[in-house]
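Chain lettering (A, B, C and D) follows the sequence in which the chains are written, and residue indices restart at 1 in each chain.
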Amino acid sequence: MATIVAEATGQAILHEEHGQSFLRKYIFSTDHKVIAIQFLFTTLFFLMIGGLLAMLMRYQIAWPDRTLPGGGILPETMVSSGYILPEFYNSLVTMHGSIMVFFAIMPMLVGVYANYLIPLQIGARDMAFPRLNMISFWLMVPAGLMTLASFFVIGGAAAAGWTLYAPLSGRPDLSGVHLGQQLWLMSLVVLGLSSILGSVNYITTVINMRAPGMTWFRMPLTVWALFITAILALLAMPVLSAAGIMLLFDQTIGTSFFLPEAGGQPLLWQHLFWFFGHPEVYILILPAMGFTSEIIAAGSRKPIFGYKAMVWAIVAIAFLGFIVWGHHMFQSGMNPTLGLSFTISTLLIAVPSAIKTFNWMGTMWRGNLQLHTPMLFAIGFVAMFAIGGLSGIFMASTPVDIYIHDTYFIVAHIHYVLFGGSLFALFGAIYYWYPKMFGRMMNETLGKVHFWLTLVFFNLVFFPMHGLGMVGMMRRIYDATGYQHLQGIEDTNQLITWAAFGLYASGFLFAFNFFWSLWKGRKAEANPWSATTLEWQTPSPPKHGNWKEIPVVYHGPHEFSHPDVTDKDWLAQNERPDVTSPAHTGPAPQPE
Amino acid sequence: MPVDWSLPPNLSTQGVPIDTLFWIILILTGIAFVLVEAGIVWFMIKYRGREGRRAHYTHGSTRVEIIWTAIPALVLAALGVYSGTVWANIKSDRSFPDDALTLRVVAKQFEWNITYPGADGELDTGDDFTVRNQLHLPANEPVVVRLEAEDVIHSFFVPELRVKQDAVPGMTIPVWFEATGTGDFEIACAELCGLGHYRMRASVTIHDPADFQSWHASQASGS
Amino acid sequence: MAHAQAAIMDRPPERGLDVYTQKVGMWVFLCSEVMFFAGLIGSYIVLRFGASDTWAAPGEVLNVPVTAVNTFILICSSVTMVKAFAAAEADDQKGIKRYLLLTTLLGAMFLGVQAFEYTELVLHGEWQGSHGFTPAAGLYGATFFTMTGFHGFHVFLGVVCLAWATIQAYRGRWGKDHHHGIEVLGLYWHFVDLVWIILFTIVYLI
Amino acid sequence: MSDHRAAGEEHGHKAPNYMLIWLYLFILTIAEVGIAFLSTFPKWVIVVGLLGMAVWKALLVALYYMHLKFEPRRLRLVALVPLPAAAIMILAIMMEYI
């Protein structure tokens, strides 16, 4: 029987732990928890790099006429006689976006937390394919190295924007970037493979490895979100890989898929890119929504409001996510009739997002809010994501998009979703699951300071950008001062830059807290947040193999403050309630 | 010079519905914004954790959820229909005026070349003339721009006219608009097009129809 | 409470799809492969629609008879693959070895014929007046070589895995209780065959 | 769910006649080449016919060689997931040129 085989391998995992070399245990480990932590350190590094690029960019925007302090240490091809060069600025724009999307946020959401949480939350001993999991991490490393290396090759790093619009990206003679662009594309293909292998693993694990009693509608929302995210990545990444390979061929072996001189179609690139790109946006937000749901339920000591609606909202977002990509292309010369259908699907996708926001608020309603750091970040997520979602409606309305497309309004929107949304939720997730990962708590006071600094600086950076967009400031502009309609915005740009420096600096507060707590943090018990999902019902950090015995699940994921439980305000998923209340707990699994 | 935090003054017929739509959305989203943010802050204060307090146990309410699904859905559907109508009036084939002045704008790294029809009023005849980085337009008269690009994708953006359209190499994309006033403005390139992207601008001068005629005549004879 | 678990631990877990994990994993992976080829084929369709005058008529450039034979080879390799699986299910050791070896050889043969086809095209192919038909030969050449090339790459990976499986067969690895590997590899192999069926039609015949 | 259990893992089905499927595939391939080169139908009939036969062959492989016909319904569902996504992508991009 498969069960017996599964248990046997489980026991094998438990025994295997002893006598492993350092290399097998920490570097080429197949344990999902170790791989998750490897991903965490790698992505935090890339987050720092991506942020640094943003700081350089902000400096240039605020003071285009000043030299960069300390710019002398950078090569002549980046900073010449103290000034940031326009070609380097374009590389900064491109690589900030690419690194943040592909090497920081996405692997942090999926690589770290899908790896860490899926087996623990569904009650499995490990991923379905542990070795594949290891390969998936070790594919990301060379991809990241290629990306970093591209800064130092002749011609510099890719400079056609993270969207790589052809023909600029396909014609080294027009962009001035040769090898950098090719390295970028190769790194993208390798990263795509890594993320496809990861997705195969996550999907299979969720489908086939759930603990007894863990039915689909008893899965924590994190698992739901990560499962659907994996499906999106599985179906969207290969399209990007195919398109990336075609673009690479355009540069290297003389094809002309996207180059119009020989009949190629520049718009085809945009269609393929955004067919990937829009699901990608949801890859970057759905897991964050999952973490938020989890943290808000635990922090409010209440079951999530409308669990099934939350699940169906995730599914709806994922499905609609595949039919809205055209809204990035309203002004691209796309057939205007397509514009109308994309407007409607785009406005539709706002509905499930609204449902989720209201349900989070419904969860907080009449709760007993524990305002610890993870909860603050989760609430911050809801507040910031709401702004990002609402500003998205401007773009969905095609006529308004004519004006605000490619302005700072878009920059504000994307950062409210990706920073205010995904990264806030990620910070929350790091604070929340840190005790489980490392067995110690992060410092709460520093955490709260970090939250408030981040919230204030974040809004100071990105809220004024809506105004810049209304004034008409274009994206990716090296120097805006020459434009007649952009006179008088210098002060705002300088304010934004100062706030951005503050935002970056508060990141180091977080980093300090993170590393300090690794050694000095308060020892964490198994369940420091009194939470209900399975990962909290095993020691912190869990041993190799996760459980002594595979847990059995009796009810849904967020049974807080159940009226029949009087000695505490939570009921773990693997705790059989003394009193069965059929409406809420559902039937217990029947022994066969 | 402090900037007026608003949309720039509108000088085009199409700008009227676009701006109206912008302000409608701003009001709607503003209301939602205030409700959500105020709700969050209120909940954070009112329901903050206290010793001995127990949260209200509920799994949700289908009725409430239906309400807050239906209201945004209806508002968004209305917005979609309205947007679609405005969009069709700007972009659909039948929205293009028949007897408009037709220009060709060719974007290339990093300049705008504008070709005007000569005295015959037809493009692609012998008397066309081309001006670099200067767009002259008559007010109160529909203008069709045939947008092309030579090398990479650029984007034709005149903030005051509420016009933005990518110029894609290998395609000719028509855009039309009608200016409602005179003045001096700029074309900006809104799509990253290479290292000179930030300085790819051209002047836009909107004349009285009579002034435009005399400018046009002087250019046409001069070429 | 929690101790009551022990009594029911021998129950099967929530069984998901009632299919063993490796097979689910392969199907999930094939989903992403479908999207990869959909990206390539979709681009081909769109580019061809956009510029149909730059496309050669069937048989004008490509050697269809040779490829038809190659298609036949791949179809045969598919049937030997299922035969190997059937043999494993029936614990027929001789059959497993014979059919896996045959499949590997047929796969390699397909690659050989494709290499021959490519060489002929690059050296002697004629299209639009140019001598030699390469990926740089317009959209037609670009799409042709990209699609068939990536299919060939998949066949190559399949042949490598098949060679490994064949060696394992001679070491007696496969049998009645040990045929999951063959089935999963077979799924991949049939998928590659399936892609070729589509490619053969749209690239060579239409 | 329980009624699928026997069918799924243990292959409780009768093995299909693999050689017969092979024969179908072989004949269809010959027919395809024949129609493409020898027939005098209008172009669109040929295209539709060839695509139909390609889909037919693909289905034969998927259903019999890949055993999809004998798998539990939910695995068949997994196999179907990418098809609408692929179809939407291709159709929408084609809208550009129609």
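Definition applied: contacts are C-beta pairs under 8 Å (C-beta built on N, C-alpha and C of every residue); 3 or more make two chains touch, one makes a residue touch a chain.
Owing to the predicted nature of the structure, the values given are computational and were not obtained by experimental measurement.
Engineer: Chain pair with the most contact pairs?
Structural biologist: Max contact pairs: A-B.
Engineer: Among all chains, which one's averaged Cα position is nearest the averaged Cα position of every protein chain shown?
Structural biologist: Of all chains shown, the one whose C-alpha centre lies nearest the global C-alpha mean is A.
Engineer: When the C-alpha atoms of chain A and chain B are each averaged to a single point, how far apart are the two points in Å?
Structural biologist: 31
Engineer: Which integer distance in Å separates the CA centroid of chain B from that of chain D?
Structural biologist: Distance between chain centres, rounded to whole Å: 47 Å.
Engineer: Give, as an integer number of Å, the spacing between the C-alpha centres of chain D and chain A.
Structural biologist: 37
Engineer: If I count partner chains per residue in chain C, which residues reach a count of at least 2?
Structural biologist: 15, 17, 19-20, 24, 28, 31-32, 35, 38-39, 42, 46, 50
Engineer: Got the chain D residues that touch at least 2 other chains?
Structural biologist: In chain D, residues 9, 78, 81-82, 85, 89, 93, 96 touch at least two other chains, as defined above.
Engineer: Mind pulling the chain B residues that touch 2 or more other chains?
Structural biologist: Correct list: empty.
Engineer: Identify every two-chain combination in which the chains touch.
Structural biologist: In this structure, the chains touch in these pairs: A-B, A-C, A-D, C-D.
Engineer: For the complex, give me every residue of chain C touching chain D.
Structural biologist: 15, 17-20, 23-24, 27-28, 30-32, 34-35, 38-39, 41-42, 45-46, 49-50, 58-59, 64, 68, 71-72, 75-76, 78-79, 81-83, 86, 89, 186-187, 190-191, 193-194, 197-198, 200-202, 205-206
Engineer: Looking at the complex, which residues from chain A come into contact with chain D?
Structural biologist: 2, 207, 231, 235, 239, 267-268, 271-272, 275, 322-323, 326, 334-335, 337-338
Engineer: Residue numbers of chain B touching chain A in their complex, please.
Structural biologist: 1-3, 5-8, 17-18, 21-22, 25-26, 28-29, 32-33, 36-37, 39-40, 43-44, 47-50, 53-62, 64-65, 68-69, 72-73, 76-77, 79-80, 83-84, 86-88, 90-92, 109, 151-153, 155, 157, 159-160, 162-171, 173, 184-186, 188-199, 201
Engineer: Could you please specify the touching residues of chain C with respect to chain A in the complex?
Structural biologist: Chain C reaches chain A through residues 1-2, 4-17, 19-21, 24-25, 28-29, 31-33, 35-40, 42-43, 46-47, 50-51, 54, 134-136, 138-139, 141-143, 145-146, 150.
Engineer: Provide the residue numbers of chain A that touch chain B in the complex, in ascending order.
Structural biologist: Per the touch definition, chain A meets chain B at residues 85-87, 90, 93, 159-161, 165, 167-168, 171, 174-176, 260-261, 264-267, 300-307, 309, 331-333, 336-337, 339-340, 343-344, 347-348, 350-351, 354-355, 357-359, 361-362, 364-371, 379, 382-383, 386-387, 390-391, 393-394, 396-400, 402-403, 405-407, 467, 470-472, 474-480, 482-485, 487-489, 491-492, 560-563, 569, 584.
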